[in-house]
Every structure is written in structure tokens, then in C-alpha cells.
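For reference, the structures are reproduced in the following blocks.
Next come two complexes, and both contain chain A; in the first it sits with chain B, in the second with chain C.
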Partner chain A sequence: MTTDVMLTADTVGQRRENLYFALRNPKVLIGLTIVVGLALLGVIGPFFLSATPNEYIGPKSEAPSADHWLGTTYFGQDVFTQFVHGLRSSYLVGSLGGLIAFVIGMSVGFTAGYRGGLVDEFLNMLTNVVLVLPALAVLIVISSYLEVRGVISQAVIIGLFSWPWVARAVRAQTFTLRNRDYVDLAKLTGKRPGQIIMREIMPNMASYLLMSVILLFGGAILFAAMLDFIGMGPSNSVSLGSMMQQAMAWSSLHLGLWWWFVPPGAAITLIVGGLYITNVGLDEVFNPKLREK
Partner chain B sequence: MGRYFRRKLLIYGVTFFIAVTINFAIPRLMPGDPVARMLTRNKVANVESSEAMRVYFTDLFGLDVPLWQQYLNYWAALFKGDLGVSVFAFPSPVTSIILDALPYTLGLLLPSILLSWFVGNSLGAVAARSKWLDNTALPASYLLTAVPYMWLAILLAWVGGVILGWFPVAGGYSFALRPSFTWVFIVDLFHHWVLPFLSLFLVALGGWAIGMRNLVIYELESDYSNYLQALGAPRRLVRRYAFRNAMLPQISGLALQLGVVVGGALVTEVVFAYPGLGSLLLNAIQNQDFFLLQGILLFIVIGVLLFNFLADVVYVLVDPRTRLGLEGGVS
Partner chain C sequence: MLELEKVWKSYRVGSLGSKKLTAVRDVSFSIAPGEVLSVVGESGSGKTTVGKMVLQLISVSKGAIRLDGEDITKTGKRGLKEYYRNVQGVFQDPFSSYNPIFRADRVLEMVKESYFPRVKRSEWDSKVEDSLQSVGLEAGAVLGKYPHQLSGGQLQRMLIARALLLDIKVLVADEIISMLDASTRIDVLNLLGSLKERGLAVLFVTHDLSLANYISERVIIMRHGAIVETGATGKVFGDPRHPYSRNLLASVPQLHTKWSENPIPVVELEPDGDRSRPPAPLTKVDERHWVASVG
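After this line comes the complex of A and B, so read on.
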């Protein structure tokens, strides 16, 4: 019983230590500030804006001013309103799509790595096949057949095609962990495979899993933006990608309406860049070798 | 080596099979009847002519036979190079339309992929050496990898095309010219090529630089590097060994990255209205031209598979371990 107490104290201590270094790592702080800040803008912002994103509210093609912070579109829609709503849908697609990809990738990776044998052969083949498929082209073709496209369905199809590299990495890690003594011990005590994976193997790669969630999140946002830009985005809603599509379609380049196409792309760059920077910072937090520099 | 290639070929074969099957299945599994959709698009009010068109389209799609036979017919047509007839450029066959657009996409993709790989890797290797370069090049690289392809393309078109007026903003060549082998046309072609190329090149550059930097640093910390240094080997030599070892994952990374770069090329072409597969894809979507859409997907898949195979061959040439059937290069 005493060892048990000591063990839990140990893990809590380690968690505290990681948190301690995470909160003092400038990269993590900068990255998280950007990502969380824009997320808050997207979540809270719409409540303070009276107009709906596609409403024609003001003068046409007006430059940014106190009334319209990011100016208006060619049709007199408020760019800032669209931007805030677009942020919201970007985060929604990113988190949902990333989560779906993560769950699939993790299940495939753990099953393949832990079971081995024929199951592994099959799952590995599946992973390699999806890995080679050019995801965006497949996504475009699938979306073009959907009659009604929503944020949810977009997130689902993005998730279905972006998991392979996670599965690959998790499988490789599981291979190295599954023959450790403590896993054998757990097997001897009669734990079920699911339990062993959850309790014995997963905690040992928690840091890695956290980092892949972050990368998947960013990847899903980029994918969604590209789909929206092609015109395969959710019907009847505004997203950062569809803002850029509209801006291009109504020749904002030649009219000089830079406030229409610069903010949405800049937001995506900031979010994804912020996620990458957070990831590098977390790498330093979890890997003490990188920390002392 | 034989085992390595057999395995790879098997994977590519299965991928091709699955891609073709997806291509076949999507229009038939998706909710909604493609024939009905074609009819509504043509806005036929007359019942009789509507019925005639239904029969015509059902026959054209080959939907009047059982599903398994449709599937076999699909494969048979595929091997004859017959991908159907385009709706948007009726009556040209899909294959010829795609073959017309293909050179433009390849002309963008190949140089940007190879150059960004080469420059990015050199940059990363140098950055791993110098603290100053590391502090400037690394943040810039992260920013570049986070940029959505189309946004960089839009910015380049805006700055280089509209504000500065140095480059044309749209098209593959001036409308006043006809494609021909004259100097005027080639210069014009190059002029239109610069901006799309640049945007693809820049986005890919960052990723390679970051990857190479991390790999070189990792290699420099490994045992053989330490050993060489302890023996008093010159730093240049150690660096060179590290660089050559770090090269291997980057070669397989090249193949993995390809799908992403192809996607990027598609949206970049849309921004610049560049007459390659991307613009064709957009046309196909806007005109609900499903034969064309599927044909493009199939061409992209075949291209990606071919390129992957090439990367495998290069890998075997570069890494002697795969040739001797030792470790390394396991799929």
C-alpha cells in the first residue's frame, strides 16, 4: 500500500514538473496565447456582434474604420463579423476533424502494434494505402458528391483521411513497449488487452500523443481552409477559406480590397503557426535533453 | 532488395485498386441520383424529352446493367484509357482534356518539389551549424509551413502582380499568344510560371529546412559522431556523415509529402487561374462534370504512386543497406 501511495505521488510530481516547465517555456506560452486568444475571439465574438455574417449592413468596399474594424466586402458585408464567425467554424472543424483522426489513428496503431501478426499486416497495409492517397484530391471528389455540406460532415471526411501517420508512429512505439516487463506482469495478472493498452502502454507515450493531437488539429484546419477555398466548404455558412474564395471570385485583388483577403489567411497562418510553436515548446518540456539550451 | 520492392509494389497495387474502387463507388453510394441531377441541371420541363434524356444518360453512365457488371466494365474501360466523355467540354474525351492540362501542373510541381527539397535541406543543414541562422531561419520556416497555400499565392499575386506589376496575375500564357515553340511564347510562359512556382516553392521550403535541421542535430548527438569527434576527426567530416545519414528520412519524407504538395498545387493553380489540373478540377466541380472529376483524381493517384515508386528506387540507390537486405528502408 505504501508503494502505491508513493507511485501516485510520483506521477503527480512528474505532471507538476511538466506543467512547471510548460508554463515557463516561452514557445509554449507564445503559441498557446495566439491559439487560445483567437479561439476566444471566435467563441465569444459572435455574441457581441449584432449582424449575421452575410448581412448587407454598410457601404460597399469600404476600408477598415472605427465602425467596420476590418472594412466591408464588395457587397457591403462586414469583414470582421465574417472573420469572427469564420474563426469559429475553423476551430470547430479543426478540433472535430483532428479528434476523429486521432481516435482512428490511435486505435489502428495500438491494435496493430499490440496484436502483431496478421492483424498487424492488414492494418499496416491499410495505413500505407491511406498514407499514399493524395488526401485533398480524394476529399474534393467526395465533397463534390455531398448534396448538403456541413461543418460536421466536413470534419468527418477530413478525419477519415488524415490519420495514417499517427497510426504509423503509435504502432512503432507500441512495438517497443509491448515486451517490457511491466506489460508482461500486467498480462500475467490477467488484465484484458484493452486495459493493458490504456493503463500500461498509453501513459508512456502520453507526451507524444498530446503532440500528435496538436499537429492533427492544425492539419485539419489547413485542409478545411483548402476545401472551402475550392468551393467545397459548408453550404450557407462562412469560414476563413470561403472568405478567401469570395474575395478572389469578386476580384478584390484588382480592386485593392486587401482587408478582405489578408485577415482570413493571416488568422489561419497564426493558428497553425502557433500550434507548431507550441509543439516545439512541448517537445522541449517533455524531453529534458532539449531543455537545457 | 527483391522483398523490399515486392512489398512496395504490392502496396501501390492495392492503393491503385482501392482508388479506382473509391472512384467507382462514390457516385453510386452517395445520396442522390446522378442522372436525376443531370436532368435538373438541364432544366428539361417536357416529360417526354425528360424521359428520353433519362434513358440516354442511364445508358451513357452504363447504369442499366447490374452493379458487378458496371464495376467490371469500369475496369475494362479504364485499361483502354477510356475515362468517359466530359460534360463541360462536350464532346471531348476526359483523357485528352486531362492530358492537355497535365504539362502545366507537372511544370509547376516537379521544379518546386525538387528545388524546395534541395534548397530546404541545404538551408536546414547550415542552420544546424550556426546559432544565428538557427534563430532567424527557424521561426521563418515555421511560419512558412503554417501558411495556407492559397493565401501565399494570393499575397504573391497581390504584391508581385497588382502592386508592383512585375508579373501577370492570371493564366498560363497571354491570351494574345497561341501555344507554339517560339521564343516569345516561351518567355511569356516563363513569365506566367514564376509566381505560382514561387508560392509552391516557399511553402514547401520551410518544412524541409526544419526537418533537416532536427535530423542533423540528432545525428550529431549520436554515438558515431561522438566517437569520430573523440578520434579527432575534423568537424567538416563529422558534419558530412551526419548530413548523409539525415538525408535518408528526408527522401522517404519526399514521397510522403507529395500528396500534400499536389493538393497545394491544385489550390495555387486556382488562385492564378493556371491552366493545369487544379483549374480543370474547379471547372469540373462548377459544371458538375463527374467523369472529368474522377478522371483527374485517377491521374493524380497514378502520378503520386509513380513518384512514390521513384523515391523508393532512389532510396535503394542511396542506402546500401536496403540493397543488401539488411535493416533500414522497411516499409
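After this line comes the complex of A and C, so read on.
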């Protein structure tokens, strides 16, 4: 009876088992709730609010009220409208920058790890060069040369500089996996290298890839906030970082306008924190040794 | 049918390939249909490299590998795919031969995908069932299971069934029973014997002399990447001429003898020399028996 139950549970497969544990892991649930909740606010919110977050609409420096949920800025702009638009652009930077970094990192890592030899030596050198580049300094230089700094261009720049650690980890994993006999067996079935990478090697590191997407996403949001805060943010729209930069520039701290800088700061902390909690939770899901009894 | 002619393999190692490591030196042999040829040798003798070169998983540095007269080291990707219709392999570790996150029968499905995309599902299923039956497996017992739910013997036999789906002529069996326990070992070995009877040629790579003696007609003994002795199994094992072969045969533990009763006499052998030089030539010492000269 018991063995019977175990066998059926086994055939259900590892994927569904992972999903089962993921949906019952409190860390994953809490993290995802925060991240998804704020994302929904950023995606849906702007449809109900003004499309021009920088418009001067109300009294200056007003505390939160029923009319202006998060108060107004020193110039009389609605903080909540700015906040919702800022969330949207932060998520955009996170997903686009993270995606670009992920795609580059994976391509470089898989190619270097699978091909080996001179290709690997070259790609590894490239990876190391980008890895040791002081990314912040380079980003500042590039950002200051752009005439109009948009959210997209910021995401592209961040993506182009944050892939190396993914590439290194994927390369190392591919090195061990490409020597497995099932890779040889796939070659004996006439499969091409691309098919072997996609269908034999990649599924074996799916959990790692998922977690690196999450970390890249959070990293890109944090990096964007950092750039925004030093004044290298998008010049044609609002972001969480640029809200904080504006608040700082007009000494909201000294004037006591806490509603101007607390929401964007808290949102960045919550998003990145939520992503890290999700990541720790997923680690427990994929690694049964870490699961609590 | 399958023929290796003066095959060499050397690797470039070190940074930017500054050093050269020769794994296989000047190996020539051929296999005929319905024949089992054993390649025996210690670890690092190059026997597995020979097997992998026959399967073209490792490229050949020098020399030619011919199947029915056609040099397969020079055919392109498409030619290689056709080659694998005729030549297939089974490897040492059954648990590493299956991708652990997929069902075990995926290896059979991949054959359909690559080689029989137009065969009807029902037709294919009966083909799979026949093939599994011929290796002594029951379809219901193994299909739809994950690799960790099957035994090593079942997995190895399923890989042989996979090879048989392709109507192969040559099977490269690289240490296929080293990781099985003694009772399932003999089943797989006897299966190889029955395949031989159906006209299949088997290249049996092993370090176990008794297995080689049990199954094969001819044997090759390799050391330091080169052949030191080759010929009919009875001749080589009955009358070993090369000191290395004698050492190898003397070191097989016998049932009913203890190590303390009969210390094994070991002859001092020449050390590994310059591997880039051609190895000592083989000379014929008897009918169907060749030995490399010593010294």
C-alpha cells in the first residue's frame, strides 16, 4: 500500500513536486505576493490616474489626504501618481535589463561550456573583462553621453553589463553536464548541439536558471535606482529612483515631506527584498535538504 | 566490415594547447559480422578512446575508420547521422546514460524522432515492444518509468533495445557490465552472445579478462595507447607472449585460491616512453596471433 502510493507519487514527476512545495513554502508565497502585488499596482494603476505624473495639479507640499493619497511634492505634483508610474518603469527596467543579461549570459555560458577549447578561452576572457569593469563608472559615463535617457536605454545598458556571473556559472555547469553519457547518447541519435543544449543540458539546470532570472531582475531594479539617485535616471519619465533624487534635491528631509521619499524607498526595498525571499524559498524547494520538516 | 587503419589520437592540453598528449597510437583492426572483438587494457590504455572514436564522439587525429569501405572520419554531419543507423553504442554507467529528469523510454522516443518521424504510432509501439522483447524486457514493466525506478540491468538492456531499433551492424559496448552486479551481469553477457548469433558485430571494451574470454572470438590487449598483443582469444589467453599480457593474466584472482598461497609473479615492464613515436610493430608468432616486440 505504502509503496504503491510512493510509486504513483514518483511518476507524477519532479516538476509537479517542485510546484507542490513551492506553493506551500511561506517564503516563496510572501515574496511573490509582495512582488506581484506591487507589479499589479504598477501595471493597472496608471490607467486610473493621470498619464502625466509631472503635472502640477494641487497645493504644494501637502500631507497625505483623501484627495492626494500620498500627498504632493514641493511643486504640487501628486506623489501617488508619480509612485505608480515609477513602479511601472522600475519593473520595466528590471524585466528588460534582467532579460537581456539572462539571454547574453546564457548564450555565452552555454557556448563556452559546450564548445570548450579556443572558443571557451575567448568567451571566458570576454566574460572576465566585463566582470572586472567597474560597471557603475561605465554606466555613469555612458548615461551622461546619451541625449535623452529613457527607461529602455537604461535597461539595455544595465543588461549589457550584468551578465558575466550568469555566464560563468552556466559555463561551469555545462562543463560537467556535457560529459554525461546521455549527451553522448543524444549525439549518437544524430542530434545537433543546439538541440542537445536545449533538451538535455538546460532542463537539468532549470532551477538554477530560474533563480538567476530572479536575481538579475532584482539586481537590475537596484542598479537602476542607484543610477537614478545620482541623477543619471530617465530624463523623460518618472522612476522610483528619480523620485528619491528629486526629493533629496529639494531637501524634503529637512522640510519634513516624508511622504515624498518614503514610498519610493520602501517600494524598492520591498521589491528587491521580496525577490530575495522568493529566491531563498525556491532554494529550499529545489534542494530537499533545506526543506523544513 | 568495420575497419580501423593506423588510427592515432592526440589531445592538445595546457593553456592554448601548448602540450600534446597522445592517447591512442597506431591502432588497426577490423570486425566482421557475427563477431565479438574484445579490447582489454588497464585504465588509461586508450581502450575507451578507441570505442569513442569508432562512435565518432571523439575525432580521429590520424588514420581512417571505414564502414563497408567508406571512411566515416571524412563524412559530414548528414553522413554521420546515417552512420549511426549502422553503428551504435552502450556505455558504462546506466544511470548516467539516461537524463535523470525524463522518463527512461525517452531514449527510444528520440530514435523515432530522428530516424523514423513518419512511422505511425501504433506501428512504432509494436516495433518498440518487439525490440524490448528481444532483449528480455517486458514493455509494461519498463515503459513510462523514470531511470531511478529501474535496475541497472534493465537500463542497460533498454539501451541495447534502443540500438536494435535501428537495425545496426556494429555495437560498441564500453564496459557495459562493469557496473552491474554478478547475477544480472551474465544475463546481459548472454544477450550479447545472442546478438552475435543474429550477425551483429560487437566491439566489447572491458578491463575484465574473464568476460573477454567468455564472450569474444578475438581479443586486443592495449597498453599505453598501443596494441601489445592480439589474436584469437584462445591463443592470446592460452599462450600469452607479451610480458604485459602475462602480468595481466597472472593477476586475475582465481576462485579457490588465496592471495597468501600463491604470490603472483610480476615481471618488470618498460615504463611509458615517448608516445609520439610509433609503437613497437606487431609480429606474427602463430596462426591468428600477433605480438608487439619488447624492448
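The definition used in the following text is that the second predicted complex is superposed on the first by the 277 of 293 C-alpha atoms of A that agree within 3 Å, B and C clash if a C-alpha of one lies under 4 Å from a C-alpha of the other, contacts with A are read in each partner's own complex, and residues count from 1 in each chain.
Basically, contacts are C-beta pairs under 8 Å (C-beta built on N, C-alpha and C of every residue); 3 or more make two chains touch, one makes a residue touch a chain.
Given the structure is predicted, the values throughout are model-derived calculations rather than measurements.
After superposition on chain A, the partners chain B and chain C are seen to fit next to each other with no clash.
Contacts of A:Tyr145 after superposition on the shared chain: chain B is touched, whereas chain C is not. Remark: in the superposition on chain A the angle formed at chain A by the CA centres of chain B and chain C amounts to 100 degrees, rounded in steps of 10.
Shared-chain residue A:Asp184: touches chain C; no touch with chain B. Contacts of A:Met125 after superposition: chain B is touched, whereas chain C is not reached. Ranking chain B and chain C by residues of chain A touched puts B first. By the touch criterion defined above, A:Leu253 lies against chain B but remains apart from chain C after alignment on the C-alpha atoms of chain A. Contact with chain B, but none with chain C, is seen for A:Leu133 once the two complexes are overlaid on the shared chain.
Between chain B and chain C in the chain A overlay, the least Cα distance found is 10 Å.
Residues 7, 10-11, 13-14, 117-118, 121, 180-182, 184-192, 200, 203-204 of chain A are the ones touching chain C in the complex. For chain B in complex with chain A, the residues that touch the partner chain are 10-12, 14-15, 18-19, 22-23, 26-27, 30-32, 142-143, 145-152, 154-155, 157-158, 161-162, 169, 221, 256, 258-260, 262-264, 266-267, 270-271, 281-282, 285-286, 288, 290, 293-294, 296-297, 300-301, 304-305, 308, 331. Note for the complex: chain A touches chain B at residues 125, 128-129, 131-138, 140-142, 144-147, 165, 218, 222, 225-226, 229-232, 241, 244, 247-248, 253-254, 256, 258, 261-262, 264-266, 268-273, 275-277, 280, 289. The touching residues of chain C, when paired with chain A in their complex, are 16-17, 52, 55, 57, 77, 80-81, 84, 88-89, 91-93, 96-102, 107, 110-111, 113-115, 144-146, 149, 159.
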